[in-house]
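These notes open a run of structures that come right after.
Both of the next two complexes hold chain A, though its partner changes from chain B to chain C.
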Partner chain A sequence: MTTLHPDQHAAGRLAGLVPDPGAPRPWDPVTGDGTLVDDAYGRAPLVLGDRSFGSVTDTVCGYVEKGPGRWWMPTFLISAHVAALVPLMVGYLIITGVGVWGLNNRIDWAWDITNFVFWIGIGHAGTLISAILCLLKQKWRTSINRSAEAMTIFAVICAGLFPGIHVGRVWMAWMLFPIPNANGIWPNFRSPLLWDVFAVSTYFTVSALFWYMGMIPDFATLRDRAALRMLQQGGPVPWSARLRAYAFGLLALGWRFSQRHWQRYEKAYLMLAGVSTPLVLSVHSIVSFDFATSILPGWHTTIFPPYFVAGAIFGGFAMVLFLLIPSRELFPGMKDFITLRHLENMAKIILVTGMMVGFAYSMEFFIAWYGANRYELDVFKNRATGPYAWAYWTMISCNVISPQVFWVRACRQSPLVIFLVSLAVTVGMWFERFVIIVSSLAQAFLPAQWGMFYPTPVDILTFVGSCGTFLTLYLLFMRFLPMFAMSEIKNVMPQANPHAGHDHH
Partner chain B sequence: MSQAVASNRYDPFAPNPAWTKIKPADASFPGAAGLSTGLIGLGVACIAVVAAVALGMVKLSGSESGLKYALFSYHVGFAVALGMSLGSLGVVMILNAFAAGWSTTLRRQFENAAAMLPVVLALFLPVLAAALLAPGKMFKWMDAAAVAGEPLAEHKAPYLNINFWILRAAIFFAIWLFLSWRMVGLSRAQDESGDRRITSRLRAMSCWGLPLFALSLTFAGFDWFKGLDYKWFSTMFGVYYFAGNTLLALALIIVTLALLRRAGRLQGLVTEDHFHDLGKLLFSFTVFWAYVAFSQYFLIWYANIPEETAWYQHRMQGGWQVLGALMIVGHFIGPFLILLFRAVKRSPTLLALVAVWQFLMCSADLFYVIRPMAYPDSSGLEHVWLDVLGWLGPVLVLLGFFARRVASNPLVPLKDPRLHEAMAHKNYV
Partner chain C sequence: MSTPHANAMNGNVYATEGGAALYGMMAEFDTPADLTHAAEKVRDAGYADWDVYSPFPVHGMDDAMGNPPTKLPLVVAAIGLSGAGLGMLLQWWVTSVDYRIVVQGKPYDAWQPWVPVLFEIGVLFTAFTALLGMLAFNKLPMWHHPLMKKERFLKVSDDRFVIAIEAADPKFDPQKTRDLLAAAGGKHIELVEE
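And now, the complex of A and B:
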């Protein structure tokens, strides 16, 4: 087995010392694909396969130009059909009324708001991953930021569905906005539910801008390649090729790769990252205020804002891994960009944020006792031992216990284990919101009012439909948009360093 | 990268060319020793005066209990000293856990501050003595007679009892002393051997140490500061306490590094770019502190449940509200606006000034948490000089020992494998 370090390999190839760039990479028992280097002196390479800048462009653009492969269309068709449940169920809900859900007088928030917080949490993670890791100068983010941002947009779209339809009379939902009206009725500006409307819509706008702006140079590359292909082919140009070149040209907003463009782009990108970071924190904190400003035991506790933010990062990283691990198997060459080191880093973040969430769970429990509020304590006792104990323990095992496997090196380096844990965390984070919302409402102050919540098929199918919507949008993203920020990936390759391969300082 | 290093990549003792670039002046700095003795002497003198008041040797005019006043003023100083040291331990572990390269040349000063935890333990002894000899003077729940029949105190007795309180303090200090001893000791050992595996060991230890650190810090905050008012509770308090401590640590280290640079040391090792990033950290923890403090206040205000609001209600009258306003304007808005400027962050002098200011604000924040428990209104502030001495005493003692440690150790890790990354650190954008 070779002891040649991957960095050295790449540097050697640049210097013309390693002759065969196309040779398959040797699998090293210690460093895996070559990135699991534990030596403090060096840093693991972020892009494998001795790639040149050109080959990065070819591969990333190839996903869009050649299409992802045969698996895509069947997957897309299935998820699109599942997504079609949303208009069906929502249409039925609007025609019939919210009685088609399992809500009752006691539990007047259940799956609707659980789904909202679940999706908005995933939605918050994407921009947080991208922006915070950018501010922290974590170079490995370049491989995951685009997908994470895309995931954000789609998750916020799914989240936006639920508050709108849970109000009962959907045709009055416009009153969420402070629009002057003949009745002189205004929303309650002192309610966090209203702040949510502003916060989430601001967040969606900024996230979409952040995502789109990052893609502009890549759109320009795709445009130029599409135009070049038309020229090279000669003869009659098919309409699809024209459409492609025109569409990417439109999206690229006249980007010409000039020095001035890049300079402004980088400045704008940094500023957007700086704006997005506090925005994400404040938006998810406001979501937590929806609960924590109330006096309901189990909802009112001061740690909610940072606890919700940690939970969002936790659930979001799990969703990113859940999407990326299959992707890197399905797309040829993707393992060069998303290496084992990338997966390990994300597994570590899952472990850290999982423990933050666990810390918050235990603080809540401790203070429920220490605070000596008997209602608070009973809510927590009921959570752990009452009728919703199964949900509570699902949450604890998925969110607190399952990530602990990442203390073991072999587990956090195995894509399969990471995939399974990320699945568990995604489930656990849904249950966390369910536990917070439903178990607190089900057993509040008066035992005479206690009751259970049972979801109806409409509840379940609306949620399943939102999962289908999310997946459909993500599949469309995979098919039609550049999945990696090409310029940023090139920036972290050894060639971008003027000192690569020699010792001039 | 030199070929010699590359071919020896798996040799844990292979030298890093960056090591040779450290000037002898940065390998030791004996000049601070005189400063150290002066600071310690001054600090001990301050503590002696506070002790004289506590023991009744100096009578306070007008006030009925000099002991209570003295204990509370000393407690603020202890809290600040603990915060600087404990916060630094947290930063050291976070930097190690992140495998941070840019901060290699800064880490030694954080380690020096973390190594002050034995001093903090000594500074804790008066608090312990007060708990044993004059129970209930500071922590009301410790006085069994005073809280007899008090339902909240009885409910919390399994946690808030003197034996368990002492046991917990012992556990906290055991965790902190062990972690700081290993983190600092291993880093010093690497100065001699240059063994790269030490960096990996430090990283692993930081990873399991941080959860222990988080829990011990939280409960120490509960026990020593939140516990001053046994009726009050807040799940956020641990996070609030962490944010304040980290700010204290950053402020201390920024000032230290700026002074060292002024003395002509650390040239080429700690550059404007490092101050820029330290400034960003100071900025982000200022914002984080404000976020946590606001969320805690806001949620309690909004829900308006009496057993929670009492703590803030107490601080919103009788003159204490001035301190509350100072927290908003002086601890957050002012530094926030100033630290937005790139020029401030990149200037060691300006950044150090902001850091001194934040140090004062963090002290005022701890004062805000601790002192209003002693007296219902700011008429309890009739002997401000005693508060100043109580604050200065522990802080000066800690700073004195810290200066001695800075003087007796290399100013940067001499053989850290990531030294070259810190030396090449740049903020391009």
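And now, the complex of A and C:
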């Protein structure tokens, strides 16, 4: 290769060997923004724009200090109004009773549990990126982990809403937890529904701890910048800088970037990644036990735990891409951190997990036939040809067929195509849960039990409200918290290597 | 600003010209490579009460500083496993002692259904211990520190690299420490007031 590898370019510029180009890197028809190189000798650069450490800090802190731009406030207001549907609909539900939903005696789990499983699944990509890719030393995770972890937490908040209100008498929901009470009643520790309570609440807590711990150094950076501004400002200090200095100062806990602290911090981070990895696998496995341990045909299968986990990662990555692709257009400079290579890597994960999910769909049919269980075979025949066939084929087209475009290089490198596929996958994954839950209940053992489920406006608006809640929380995150793990991004830049300047790494 | 106090080892009292007690001396470096080489020099000079400050954990810095491995993993393992044991105890007591109800005709003391909750409680204890233990070992939260009063030090969180040697170190000597930091390539060497 005659041209310099981008890593060498950045290292050379810092050493004064290569002149500063000044202008942004020109678009290359083969390598796109410069990251789509198929160079066996090196890896694609993780940060573009020949950035110094200082310019990473300036850009990422700039999103918090200057705000994301004019689009933010209208978007926030709209999504906050949509989110307001949740208290309205839930309030109406509590005052009136679960009869306001379309549930009936045959189909007693429908949109509520579909939405629960949908949202809890969305969360899984964040933990996969922050924990599993951390253990696998995948350095490209550093620019997407913070926002994906945020999505995990917001998705679990949305998920937690549904089982809470679906118990009917919401004011008794505290009995889900083993709290000593005057009635002397304890929860049943042999029930998967109770395991779910523990799995989801642990998942939320551990994700929040992981997220907060990752942000401590970045809070300290924001604190120091605000403090410097207060020290250097000649005239009156703007209230926003003062507020940032105190708020981020409080949250940073006095972090001062000491190496003796970093040593324990990195060890603690690794241990959190180590326990989050089995945790994330356990959460959706336990969610699948809610179904798999019942005797209902269509639910009672041993393939559910791995199938649900693969589906959760699939749907979660789709949501990450669905939010990050517009973000990188809206925020100046974000394309330097989330490069085309990042998008391509995630598109490949979508393809792999989509194939796993497709394999699980076909294996369910194979076992229904091979297992010679008459009821199970009928349930699956009904799924593909019965009254819910439209939902089933929507699921198949969105989840199995649409990701196949990623076999084509041009498609998995095009942000627009990836965006459209991730939208399709998000829709498809909602339908997957709907198909599993509702179509199995709609035609159980006896024809006398058969019936259809029709959602009421309350069902629909509660789900729409949960989407608004998710988006509102994400918009607040983008506005007020560091969107990128600055210390981690700096650590994977070529000039962070203490041996930079030598020929070998 | 506190009154000057004596160094525990050599009995010297260090103060700035303004009369304030001395916390130590800080020097700045430009790159992780410079910082690593300087840290090796400070380590070899035999200092104990000193630290390196960098915007991200520099690879190999623990060796360059001679830091012993942290005991945090032992604490986390002990508390995490105790948490899992408590989870087991809670489920055993509830299911087979205090609130015995027949569920699917299974024995009251079958341990297999307790595994998921046992695991989740163990993870919960582990995660809290990892975060809180890290903070406790680091003596955080501590919202004040002499170094944070230095304007130059506030740039560490951006792109500067700093070594600070405390006046409490037995080998600290205003002139020799300054010479060492200068020889190691340190710039903007400053005294830090307590």
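Note that in this section the second predicted complex is superposed on the first by the 485 of 505 C-alpha atoms of A that agree within 3 Å, B and C clash if a C-alpha of one lies under 4 Å from a C-alpha of the other, contacts with A are read in each partner's own complex, and residues count from 1 in each chain.
Keep this in mind: a residue touches a chain if its C-beta (ideal position, glycine included) is under 8 Å from a C-beta of that chain, and two chains touch if they have at least 3 such contacts.
A quick note: this is a predicted structure, and the numbers were derived from the prediction, not measured.
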Exercise for the section: Kindly say whether there is room for both chain B and chain C on chain A in the superposition, answering fit or clash. Expected result: fit
Problem - Touching partner for A:Ile367 - first (chain B), second (chain C), both, neither - result: first
Exercise for the section: Considering only the touch criterion stated at the top, classify A:Leu281 as touching first (chain B), second (chain C), both, or neither. Expected result: first
Practice task
Look at A:Phe189 in the shared chain and tell me whether it touches chain B only, chain C only, both, or neither; answer first, second, both or neither.
Solution key: second
Handout entry: First (chain B), second (chain C), both or neither touched by A:Gly160
Key = neither
Practice task
Go through the superposed model and pick first if A:Glu266 touches only chain B, second if only chain C, both, or neither.
Solution key: both
Practice task
With both structures superposed, pick whichever of chain B and chain C touches the larger number of chain A residues.
Solution key: C
Practice task
Applying the touch criterion given at the start, work out whether A:Pro387 contacts chain B, chain C, both or neither, answering first, second, both or neither.
Solution key: neither
Exercise for the section: Return first, second, both or neither, reflecting whether A:Pro326 touches chain B, chain C, both chains, or no partner chain. Expected result: neither
Completion exercise
Across the superposed arrangement, the tightest C-alpha approach of chain B to chain C, in Å, is 7
Exercise for the section: Report, in rising order, the residues of chain A that make contact with chain B in one complex and with chain C in the other. Expected result: 266-267, 278, 289, 499
Exercise for the section: Please name which positions on chain A make contact with chain C in the complex. Expected result: 14, 52-54, 57, 178, 184-192, 194-195, 198-199, 202, 205-206, 209-210, 212-213, 217, 220-221, 223-225, 227-228, 231, 249-250, 253-268, 271-272, 275-276, 278-279, 282, 286, 289, 486-488, 490-491, 495-501
Problem - Contact set on chain C toward chain A in their complex - result: 31-33, 35-36, 51-62, 65, 67, 70, 72-73, 76, 80, 90-91, 94-95, 98-99, 101, 103-104, 106, 110, 113-114, 116-117, 119-121, 123-124, 126-128, 130-131, 133-135, 137-138, 140-145, 147-148, 151, 154-159
Exercise for the section: Name, in rising order, each residue of chain A that touches chain B in their complex. Expected result: 3, 5, 7-8, 11, 38-43, 137, 266-267, 270, 278, 281, 285, 289, 292-295, 300-306, 355, 359-360, 363-364, 367, 370-373, 499, 503, 505
Handout entry: List of chain B residues in touch with chain A within their complex
Key = 1-3, 5-6, 9-10, 14, 16, 99, 101-102, 151-152, 155-156, 159, 196, 199-200, 203, 211, 214-215, 218, 233-239, 287, 291-292, 295-296, 298-300, 302-305, 307, 417-418, 424, 429
